[in-house]
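First up is the structure itself, then whatever we jot down about it.
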Amino acid sequence: MSETTPLVLTGRGLDKRYGHVLAMDGADFELAAGEILAVVGDNGAGKSTLIKSLTGAVVPDAGTIVLDGEEVRFRSPLDARRAGIETVYQELAVAPALDVTQNLYLGREHRMPGVMGTVLRRLDKKRMRQEAADHMADLGIRIQSVRQAVENLSGGQRQAVAVARAAAWGRRVVVMDEPTAALGVRETNQVLDLIQRVRDQGLPVVLISHNIPNVFQVADRIHIHRLGRRAALVRPGTTSMSEVVAVMTGATEASELESAVTDPVLTAAAATAPDAPPTWKDRSA
Amino acid sequence: MSETTPLVLTGRGLDKRYGHVLAMDGADFELAAGEILAVVGDNGAGKSTLIKSLTGAVVPDAGTIVLDGEEVRFRSPLDARRAGIETVYQELAVAPALDVTQNLYLGREHRMPGVMGTVLRRLDKKRMRQEAADHMADLGIRIQSVRQAVENLSGGQRQAVAVARAAAWGRRVVVMDEPTAALGVRETNQVLDLIQRVRDQGLPVVLISHNIPNVFQVADRIHIHRLGRRAALVRPGTTSMSEVVAVMTGATEASELESAVTDPVLTAAAATAPDAPPTWKDRSA
Amino acid sequence: MSRQLAGPLAALAVAVVAFSLTTDTFLNPANVSLVLQQSVVIGTLALGQTLIILTAGIDLSAGAIMVLGTVLIARLAGEGNVLVAVLIGFLGCALMGAVNGLVVARWNLPPFIVTLGTLTVIAAATRLYTSSASYPVTSDVLRLLGSGPVVGGAKITYGTMLWLLLALALGYALTQTAWGTRVYAVGDSPHAARLTGIKVSRVLFSVYLVAGLIYAVAALAALGRTPIGDPSGYQTANLDTITAVVIGGTSLFGGRGGVAGTVVGALIVSVLQNGLTQAGIDSLYQQVAVGVLVIAAVGFDQLVRRRNKS
Amino acid sequence: MSRQLAGPLAALAVAVVAFSLTTDTFLNPANVSLVLQQSVVIGTLALGQTLIILTAGIDLSAGAIMVLGTVLIARLAGEGNVLVAVLIGFLGCALMGAVNGLVVARWNLPPFIVTLGTLTVIAAATRLYTSSASYPVTSDVLRLLGSGPVVGGAKITYGTMLWLLLALALGYALTQTAWGTRVYAVGDSPHAARLTGIKVSRVLFSVYLVAGLIYAVAALAALGRTPIGDPSGYQTANLDTITAVVIGGTSLFGGRGGVAGTVVGALIVSVLQNGLTQAGIDSLYQQVAVGVLVIAAVGFDQLVRRRNKS
Amino acid sequence: ACSTSPEPSPAGDGDGSTAGSDETFTIGIVEQQLANPFFAKLQEAAVAQAKKQGLEIMTAESKVAGDTESQVKAIENMIARGVKGIVLDPASATALVDVVEQATAAGILVVTVNTSLDPLDTAAASFETDNFEGGRLMGQWAKASLGDAEARVAMLDYDLADKTAAARHDGFLDGFGITDDSPEIAGTALTESNFETGQTAMENLLSAHRDINVLYTINEPAAQGAFAAISGAGVEDQVLVTSIDGSCAGVRSVKDGTIGATVMQFPTRMGEMAVDAIVEFVASGTRPEGLINSGTVLITDEPVDGIDSETSEWGLKNCWGE
């Protein structure tokens, strides 16, 4: 990452209140071009609410969101998707009765070539099934058939469908809210590889995860969320796992960590090379 | 664990077919008294199907299930629950519109003392709310109120509700299908502690998890599931994480591992002390 | 609960104020009492319907069961002992509810189709039993629910009181007992309810059975109000009860809502019908107005809910 | 899809065989053609209803919209150009569908209440327009759908053909186009559909609009069959269409089912009605029999499904 | 059961003796579902007459056939509003008795039209068609027209719990000289008294019994629907279609031969007579009394000996509706 990486997606002072629950309380967020940004935090810290605000699934009560330098106001996930943001929601957002292929291509179906497609608007099911099978294989997920209804899949298979969809369609930002929670060891590694490949293609990725070793393995920066707001933004190279966990849980103050927050003129703070190896390295597979 | 620990729950030759998908293919299973048995395996290996068969949520096509020496035939989860088996299902099985307390006590509500309870059958909501708050606090999960509808909880909070329920009510066996998938670092450790406490009270626990370090941290024995059946049953003391993962993914043959399967006359094979420290020890918290 | 009621209550208040301003008879004590009386039968039926809709079901046979009850009671009371007649009426309604419950709960068939089927069967059975004749009620006991003390020009019928008492009791059962929680759980997610060890089919059965008993109470209320057992009466009762339930904020998808809303919903429908008649609106436009206003009431409810949420 | 059809098809087969054995007229070519003709109007309406039910909605105004269509077309055709009349009829039906769609999709109100409201409004509008009079159809063009070639004693009406063609087209749209997938997705889980970036309200609107157009086709079929624009006709059409849809295996909770089942469902209802008359069953018992058999058909469907699953 | 049987005169010219009182008052008009053209005509006549008399009007109607609950509520609301009189077309002979008694007790004059209550004296008076007589005329005409041929009778009924429907049905059987159990009856079916259900029912009956040659129908729309089935089956010349109503559309069907004979009713007269009776009562306190027959006339272009009838020419001059 260069010294002056531009910011792709930022949020400032985001608030969201549900009844008397303050799910977001002046949350800030920044995602730089080409980085993998991990978002970590306790259960109920407000990570999903933050991510939903950034992707149109929730309309924040206050605050601004800027995408590539322009302020945006997403009123629905469709708005965000049109802007090129693709998301894996924690609740997975799959249509249970539809099959794997249909879910992967929902809203973006391929039509047959020629008259069949243009006039009769016929779907090219064969092509979609073929590609869907490839996508799933990419994730190393074994499923019997891409024609299986998603409700009949195992928990991990279902999650893989959502991950494959986001990975396949993201054009500007890919956001994944706990994409590996239900995945096995091998499948998790495959998804982490995929995330890195996506980043290497130049697309920034937001990864929410409770798996700190995984986070340290792939993240360029780590956004620590606590009590509805960002407590710290650090680099895995300069901060240890236990420091991150301490801030997450409130055991230490965030101010004790070296911050990686970009200053307002969009220049990144001096960064340690992100390819410094993570401190933990026992990915048994 | 003594040399001749009795088996609490066993399954032999369990089959389950969905259309042309063979989800269980002659699966065996055994759970000894007072042990934590981990079940690991790839996504789609059939772990959840196995667990559902053992807890009445799925009726297997073939095979026998024996609970405390007696063959049982659970036709519904209620049958299993009546027999003292309490389960956290992977799909969580919570009623979204009901609040946390109602979900915790579903089917086992406390009634008011005296006439109000016996004649008017009035619920003791205050007591249940108090106890529910305690249970949730036990798991270290911060929720605003036990009167919040479960659908308004974060993913981790929701999972904690299901875990708290099973932990509170298990009388003979507690089964948890990926209970920590959505939980944070601190919360995960709290659930692992809880599982150990449950075991220490003499109740055997079945823990399905994709988190191999966690499994090695708490399990007495590890059941490795592969392609619909048990590939191996090993002890964390005699087998390494990478060996387990290798068998899970099919990289090595199960026969290369030292088996921990109890022989038919219910005597446990010579066991290494389960308190041998797990090989991995970086639980940052 | 109180928050859920805000929408329907506000809609009711708007309607009452509007008619009080536009007509000079609407707020007469006698007329207010009339509105209450006119709500009783549908309101009582709607209590049973609420239970069933809370389990994500629907009961198209509610009206038919009640009519069977009125016919049984009226005819048997005419031929013999009133108490025995009432008992048999209750048994008959309970039996019909049990049949619905059995088919829905055991065979797991869609309530819409099941109750559509039993609707035709029960209606035909009622016809056969009566040879299509009506049975006027002579017993004063049976007319009791239509009578009551007159307070300041307003007759408060025992039927009205019974209705509201029944609503209270049912509200208690739904919110204060384990059974109520299970009813909500089953409607909310039958799959989750089953996995947590709830006997879904038993809960469903109990709901249809209790609904049948409530329909029997409605039959008594109907006899108190219109003292005749008439096999061709209350043809539109089903739609009316469902309307009251939905206006009252109970979701047709189950698990959300309650009886308090239904009481308000039934009152809204009666107020609209009565008020529009008082205002001298032509019958044709009355129906149009009721249609539009019912949509408006539900829309209003939505609005209030959204307000309350943020 | 074919597996889903097995249940309804088996139920239909059982009914056909039973009536063939018990009556000597049922299998007459003329009678078979009659059953088809009698299925056309409800069957066509039910195609639109299927669409709406697939999105977890319900349309209580289907019959009223069609009747408005018949009345518009019949009256205008009598007064002037047939083509203009048909055009206006289609416009009218489409407009009513659009109104339903707008209220359901935009304001997010329950379809049950919305269409119950528009039902009363449309029925009243129809009566105002006709002053309760009927308008006989004189134009041969309008009677076209009721006519057709006679093959071996059986008249195959163009209306029947149009119905089946429309079912095919709709089946194509539902299974072979992106729009169809979205309809299923919206009915299956509106929340998930919204999160994946589907314009749920636009899909809903399109569904009600298309349903309105299908009801217009049903209006043409109705005029071909019963050559009169009659505001008092087709009163039970709504319940009949919903019955056909549900018997055909489409879930009232949305997202599951399809038009092929609906066609079979409509045929089952017609076969039962026709067959029971052929068998000389008294009309009261006929109702009982239809009620029981409808439940049986759905139960049978469940049974077949369970068999197929294991 | 009818007390008077006035010679029917061309409808529509009730002599309009405006009530002496200059004070205007309100009356209620409660009809059955107005989608049915007969009820619509009746209401229209009553409303027109009330307007002519300078009265305020409250109207109400059943939502569907047999919907007494709406009528009960409407009458209660009218009592609360303080109307002086109510014109009621009861959806049930018995279910409205109680509320009508309440109205009467409140000093309101209730008169029924089209059909009466049971007991008859619940309402002050009833202006209606003698439906049994109407049915009898149909039956007699059919029997006489059929001659020696073997009778195969089909009956398209409306719900026989309805007083009117039952009276017509029984009248027809009486006039034809058979009973419900007679072998001459090939089949019966229920209709909703409209075209569509008449057609479907007749299609099914004809499909089972091609030899049907006499048809009773509950009203003219059902008869017209039945004729569509008859011509569809190509047996136009074989079936004698009888009906009752006397709407202009029905009479035209008699003229063009689709309906063999129909019995004319006089809804306009009923409505006007009922309103006038209320006006008279308010003005002078004179209560109308009893069953007042508004008349039945058999309309056919194929008259038979011994049965009084009028031609379709006459019918077209005296018919009601479009």
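Just so it is clear, A, B, C, D and E label the chains in written order, and each chain counts residues from 1 on its own.
Following the convention adopted for this analysis, a residue touches a chain if its C-beta (ideal position, glycine included) is under 8 Å from a C-beta of that chain, and two chains touch if they have at least 3 such contacts.
All figures in this text were calculated on a predicted structure; none of them were measured in a lab.
In this entry, subunit A maps onto subunit B through a rotation of 180 degrees when their C-alpha atoms are superposed, rounded to the nearest 5.
Taking the mean of C-alpha positions as each chain's centre, the chain lying farthest from the centre of subunit D is B.
Of all residue numbers seen at the subunit C-subunit D contact, over half occur in both copies; the interface is built from largely matching residues.
Of all chains, the one whose mean C-alpha position sits at the greatest distance from that of subunit A is E. Averaging Cα coordinates per chain places subunit A and subunit E 74 Å apart.
Centre-to-centre separation of subunit A and subunit C, using mean CA positions: 50 Å. In whole angstrom, the spacing between the mean C-alpha positions of subunit D and subunit E is 33. With each centre defined as the average position of its C-alpha atoms, the distance from subunit A to subunit D rounds to 45 Å. Counting only residues that touch two or more partner chains, subunit B has 18, 91. Residue positions 123, 127 of subunit D each touch two or more of the other chains. Contact of a single residue of subunit E with at least two other chains is seen at positions 34, 64. Chain contact summary for the complex, subunit C toward subunit D: residues 56, 103, 107-110, 112-114, 116-121, 123-125, 127-128, 239, 242-243, 246-247, 251-253, 284-285, 287-288, 290-292, 294-295, 298-299, 302. On the subunit D side of its complex with subunit E, the touching residues are 23, 25, 28, 30-31, 34, 37-38, 123, 127, 131-134, 136, 222, 225-228, 230-236, 273-274, 277-278, 280, 282-283. The touching residues of subunit E, when paired with subunit D in their complex, are 33-37, 39-41, 44, 64, 157, 187-190, 192-197, 199-201, 203-205, 207-208, 221, 224-225, 228, 233, 249, 321-322.
Per the touch definition, subunit A reaches subunit B in the complex via residues 18, 20-21, 41-44, 48, 90-91, 141-144, 148, 152-157, 160, 178, 181-188, 210-213, 240-242, 244-245, 248-249, 280, 282, 284-285. Against subunit C, in their complex, subunit E makes its touches with residues 31, 34, 56-61, 63-70, 72-74, 76-78, 80-82, 91-95, 97-99, 159-162, 166.
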